[in-house]
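Just so it is clear, A, B, C and D label the chains in written order, and each chain counts residues from 1 on its own.
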Amino acid sequence: MSLTNLEELTAIALFGIGFTLLLLDRNLIKKILGFSMTDSGIYLFLAARGYVAGRTAPIVTEGVQAVEAYVNPIPAGLVLTGIVVSVASTAVMLALTFRLYRSYHTLNLDEITNLAGKEAD
Amino acid sequence: MQPLMILMLILILACGLCVALTRNLLVAAVVFMAQSLAMSVVWILLQSPDLAITQAAVGAGIDSLLLFVTLRRIHAVDAAAQQEEGQAAPEEGGALHGENP
Amino acid sequence: MARIRDDTGLNARQRFLRWLLEGDDALDQALADGLDAPPPRPLPSPRAVPVPAAPDPGQRRRERASRWLYVCIALLLCVGIMGILLRTAADLPAFGRADNPTNNEVPARYIEKGLQETGAVNIVAGMILDYRAFDTLGESNVLFVAACTVVILLRLQQGDGHRLPRSVAEELTWEPRHDVILQTMASLLVPLALMFGLYVVLNGHLSPGGGFSGGTVMGAALILYLAAFGFEKAERFFTFRTFRAVSVCALGFYALAKAYSFFTGANGLPSVFTPGTPGALFSAGLIPYLNIAVGLVVACTMYAFFTLFRKGDV
Amino acid sequence: MPLWQSIPLASILLPLAGAALASVLPARAARRWTVLLLCLVTGGSCLLLVRTLPGSTAFNYPMGHFGAPWGNELRAGPLEAMMALLFSGISLLSLLGGMRRLQEDITSHRQSAFCAILLLMQAALMAQVYTNDLFTVYVFVEIMTIAGCALIASRSTRGRGLASAARYMVMNLIASALLLLGIILTYDLTGHLLMEPVQKAILPLQQSGAYALPLTAVIALPVLALAIKAALFPFHTWVPDAYASATPTGAAMLSGVVCKGYLVVLLKVIFRVITPAVVLDAGISDVLFCFGAAGMVMGSVHALRQTEVKRMIAWSSVAQIGYIFLGLGLHTEAGAAAALLHLMGHAAAKSLLFLSVDPLMAASGRQGRLEGLRGAGLRAPVAGAAFTLGALSLVGIPFLPGFVSKVSLARAALAYGGLHTWGALAVLALSTLLNVLYMLRTVLLIWSPGGSPRDPAVPSPGPLCHLSLGLLSAACLGLGCLAGPVLEAIRAGLAVFGIPL
C-alpha cells in the first residue's frame, strides 16, 4: 500500500461522501447533491488515471505527434460524456423533487413514502 | 505533486463535507457550486482543458441554476432571506432544512 | 390550515412575494389540473395532507425500528464499499506513470494518427466524435430523453381550451422588470457569452471545448437574457415550437450523419467527408457540423430546462 | 459485408432517430409512428434470427471507419437476435395492448413525448443487446434509467407514482454510479473498453495474482450494479408501487423488457467480459445464487399477502427475477440456458398479465382489490382467458414456458451437485407451491360467478388489445410447446455469445 495515489484516494473519499448522502440523507435535494458528488468523485478518479506526469493536454501543437508529448485522451472523452449524463439525471431528479414537493409539501423522502402509502390507489 | 493540487483536493473534500453536514439547502447549493469551480481547476492541473470548460459551464452554471430555480419554486430561498431579517420563518421554511422539525 | 387571502390592494410584486412565502392553493390546484390526466378527480387539498393524524405508538415504533435497521445496513454498506475502494485505489498502478496499462496502443494511435485520420487538432474531439462516436450519439440522446421526461413531469397544459386562471398565469410569469443594473450588465454580457459559446462550438475540433460545453455557455447566455428582459421579449425568438424544431433537426441530422459514417465504415466504403486541411475552421470531416448540431441541441435543452422549471412551459 | 448484417445498426438507429421525430408529431401520428418503427425493428430482428440461427454464426460490426480496438463495435449472433426479437416484440405488443389506456392515462399534449421515450427505450435496449463495448453499455443504461423513470411517473395522477419514481431513481442512480466505477476500474486495469480485449487482458491478470483486490472490485461492482437495476430481492423496494401506478404499457414494459435488458447486460459481463472461470474464482456466483433463492421465497410470500392484484403481480416479478438469478448463480452452461429460457417465458407471461389485468379491472368498476375481481373473467372473457394463461405459465403447468424452464432449472441444479442442488430444489419447490397458492387463488376468483354485473358504460378493451393479448398468448404457448428447440437454440447462441479464446 502506497500513498502515491492521492488524487484517487480523494476521489474515492468524495465518492464515499456522496454515496452516504445518497443512501442516508432523507432530504431529496441533499440526495441530488450527493449523487452529483458521487459522479464528480468517479470523474476525478478517471481523469487522474489518465494523467501522465510531464505531458500536456492532447491538442496537437506545432505538429508534434509523439506519444510522449500528450496525456491519454480517452479518460477526458469518457468524463465529458459522463458529465452530460449526470446533468441529465440531475435535471430529471430536480423535476421529480419539485412535483413531489407540490404534492406533499415536504422534501423528506421517508415522509413522502409514508404519505403516498396512505393514499388509496 | 504540486501544492496547488493538494490545496484544491482539500478544498473539494471540505466542500463535500460541508454539503453533507449543513442543514441549510441554500448553503449546500452554493458550496456545491464552489466545489465545481475547484474541480475545474483540478481538471486544468490534470491537463484536461475540455473538462475544465465543461465543468465550469455545467457545475457552476446550469446545475446550480436549476438547483436555485427549484429551491425558489419550493420557497426555500425566500424563507432563508426572511430568516436572516430576523423574522419568524413561514411554515414552508421547513423545506429549507435537511430534516423536518 | 385555513388561509384567508385578500389580494386586493396589493401590487404585483407584493402578490408575488406573498405567493413565494405562503404558497398558493389556487396555483397548486392549477398545477394539479394542468398536470393530471383526465378524468379530473376532486384533489385533496395539498395543505391538508402534511399533518397526518398521530399514528399509533406501535406503528411509530415499527417505523422507527425499520428506519434504524435501514440506517445500520446502509452505513455498513457505505463503510464496506468505501474501505474496499480506498484499498483498491491505493493498490492501483501509481499515479501519473507512463507505463500504466491505460497508456497502451489505443491512445498511442489516437495521438499519433488522429490528426491524419480524423482531421481534428483537438485529439479529444476527434476521439469522441469519430473513433468513439457511438457513445457520443448515445450521450446526446440521454440529454434528449431527460428533456422529454422533464416535459412530461413539468409542462402545464395550455392552449386547446385549457387556460390557467388569470391570476395564476400572471404569477407564474411574474418577473422583476426594469432592473437597470441587471439589464445593463445583461446587454453587455449576453452578446459576449453568446460569442464565446459560439467560438467554443465552432472551434471544438481545434481548441478545448466542443458542442456540449459551448452549447451550455450559449444556453446560460439565453437564460441570462430571459432573466433580465423577461418572458415577453424572450418569447419573440424562443418558444416551445423553436425548442422542438431545433432539437428534431439537430438530433435527426446527427443520427443520419452518424448512420452514414457507421454504415460506410463497416462496409469499407470511403466516406465523402474527408479530413481536409488540419487547422482550418471547416476541416475534420463531419466533426464541426456535429459540434454545431450538439451545441444547438444543448443550448436549447438547457434553456428549456430552465423555463420548464420556472413557469411550466418553454 | 452483406446487407443483412446491418440490421443491428438499423434497429438501434431507427428508433433513436425516430424518437426525435415522434416528439414533434401530434399525439395520434406519434403513436402510429411508434408502432410502425417497433414493427420494423421486430421484423428486422426476425430476419436476423433466420440468418444467424442455422449455422449459429456471430459477427462483429465496426461502428465507423476504425475497427477494434480503436472504435466502437457491435456483435450479433443467434442469442442476440433472439433477445432483440423478444424485446422488440414485447414492446410492440405492450404498446398495442395498452394503447387505449395510454390515451386515457396520459394527456394528449404529453403523449408525443411519451412515444419518444418509448422509442428511446427501444433503441437503448437494442444497443444493450448488440453492443460490444463497456462504456456504450453505461451510456445506454442511463437512457434506460431515465426513460424508466418517465414510464413510471408519466401517469402521475397522484403522488404515489411520483414517490415510487423518486425511490426508483435513487436506487438506479446508486447502481449507475457503481456500474460506472466498475467500468472505469476495468478500463484502468486492462486499458481497454471493448469486451474482447478486456477479456484477453483480464485472464493473465487473474493468473498472475497481481491486483487481486482491484480485480475483485472489477467483477463485483458491475454485477452488483446490474442486480440492483434488475430489482433483485433486497433492492426491489420501488417495484410494487411503481408497477401498480404505471400505465399498463409502462408496467408491462418495465417488468417484461427493461429488467431483462439489464439481465442481458449482466450475462454479457459474465460470459464475454470477465469469463465464467474468473467469476467462479471470485465467489460472486454463490452470492447471486443466495440472493436469487431469497428473492424467490420472499417475493412469493409477499405476493401471497397482497390484497391488490397489480401489487401481487409486481411481487411475483420480484420472485421470478430471483429464478433467473438462481440459474445464473448455478454457473453452468445448463443453468444459464435455463435462466435465459425463464427470462423469455417470464417476459411474455408477465406482460400478458399486466395487459390483461387492466380490462378485468375495468370490467369490475376499476377496483384493484382482489375481492373486487370476483367474476371479472365472465364479464371480460378474452382478458380473463389471457390472464389465466399467463398465471398458469408462471405457476408452471406443462406445455407452458414456466414449466419447461423450471424443469430445466431443476435439471441444471441436479447436475451441479452438493449443497446447491438441495438448496435449489427446496427453494424451487417452495416457491412453486406459493405460486400455485396465489396465482390459482386469483384465477379461481376471476372465474367464480358473482360480483358486480358488468357496467354497460365501460367500453370493451377494443380489438387492438384483444389482438395483442392473443399474440402474447400465442407466444407463450409457442415458447412452451417448442421449448426443446428453443433451448437448443439458446445453447447454440450461448456457445458463440462469449468470445471464444
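One rule holds in what follows: contacts are C-beta pairs under 8 Å (C-beta built on N, C-alpha and C of every residue); 3 or more make two chains touch, one makes a residue touch a chain.
As the structure is a prediction and not an experimental result, all values here were calculated from the model.
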item: Chain pair showing more contacts of the two, A-C and A-D; value: A-C
item: Whole-Å gap separating chain B and chain C, where each centre is the average of the chain's CA atoms; value: 18
item: Whole-Å separation of chain centres (CA-atom averages), chain A against chain D; value: 27
item: Inter-centroid spacing, chain B versus chain A (mean Cα positions, whole Å); value: 14
item: Residues of chain A whose C-beta touches two or more other chains; value: 6-7, 13, 15, 18-20, 23, 45, 48-51, 55, 57-59, 74-76, 78, 80-81, 83, 85, 87-89, 91-92, 94, 96-99, 103-106, 115
item: Residue numbers of chain C (touch at least two other chains); value: 23, 35, 85, 87-88, 91-92, 100, 102-103, 106, 110, 122, 124, 132, 135, 139, 142, 145-146, 149, 153, 208, 210, 212, 305, 309
item: Touching two or more other chains - residues of chain D; value: 135, 139, 142, 146, 149, 153, 156, 158, 181, 187-188
item: All pairs of touching chains, each written as two labels joined by a dash; value: A-B, A-C, A-D, B-C, C-D
item: Residues of chain C touching chain A in the complex; value: 23, 28, 31-32, 35, 46-47, 49-50, 52, 63, 67, 71, 74-75, 77-78, 81-82, 85-92, 94-98, 100, 102-103, 106-108, 110-115, 121-124, 127-128, 132, 135-136, 139-140, 142-143, 145-146, 149-150, 153-154, 207-208, 210, 212, 278, 305, 308-309
item: Chain D - residues contacting chain A, complex; value: 135, 138-139, 142, 145-146, 149, 153, 156, 158-160, 162-167, 169-170, 173-174, 176-177, 180-181, 184, 187-188, 193, 241, 244-245, 308, 368
item: For the chain A and chain C complex, residues of the former touching the latter; value: 1-9, 11-13, 15-16, 19-20, 23-24, 45, 48-53, 55, 57-60, 65-70, 72-78, 80-81, 83-85, 87-89, 91-92, 94-96, 98-99, 102-106, 110, 114-115, 118
item: Chain A partner contacts - residues on chain B that touch it in the complex; value: 1, 5-6, 9, 12-13, 16-17, 19-20, 25, 28-29, 32, 35-36, 39, 42-43, 46-51, 54-55, 58-59, 62-63, 66-67, 70-71, 73-74, 92, 94-95, 97-100
item: Complex contact set, residues of chain C against chain D; value: 35-38, 41, 84-85, 87-88, 91-93, 100-106, 109-110, 117, 130-135, 137-139, 141-142, 144-146, 148-149, 151-153, 155, 157, 159-160, 244-245, 247-248, 251-252, 255-256, 258-259, 261-268, 271
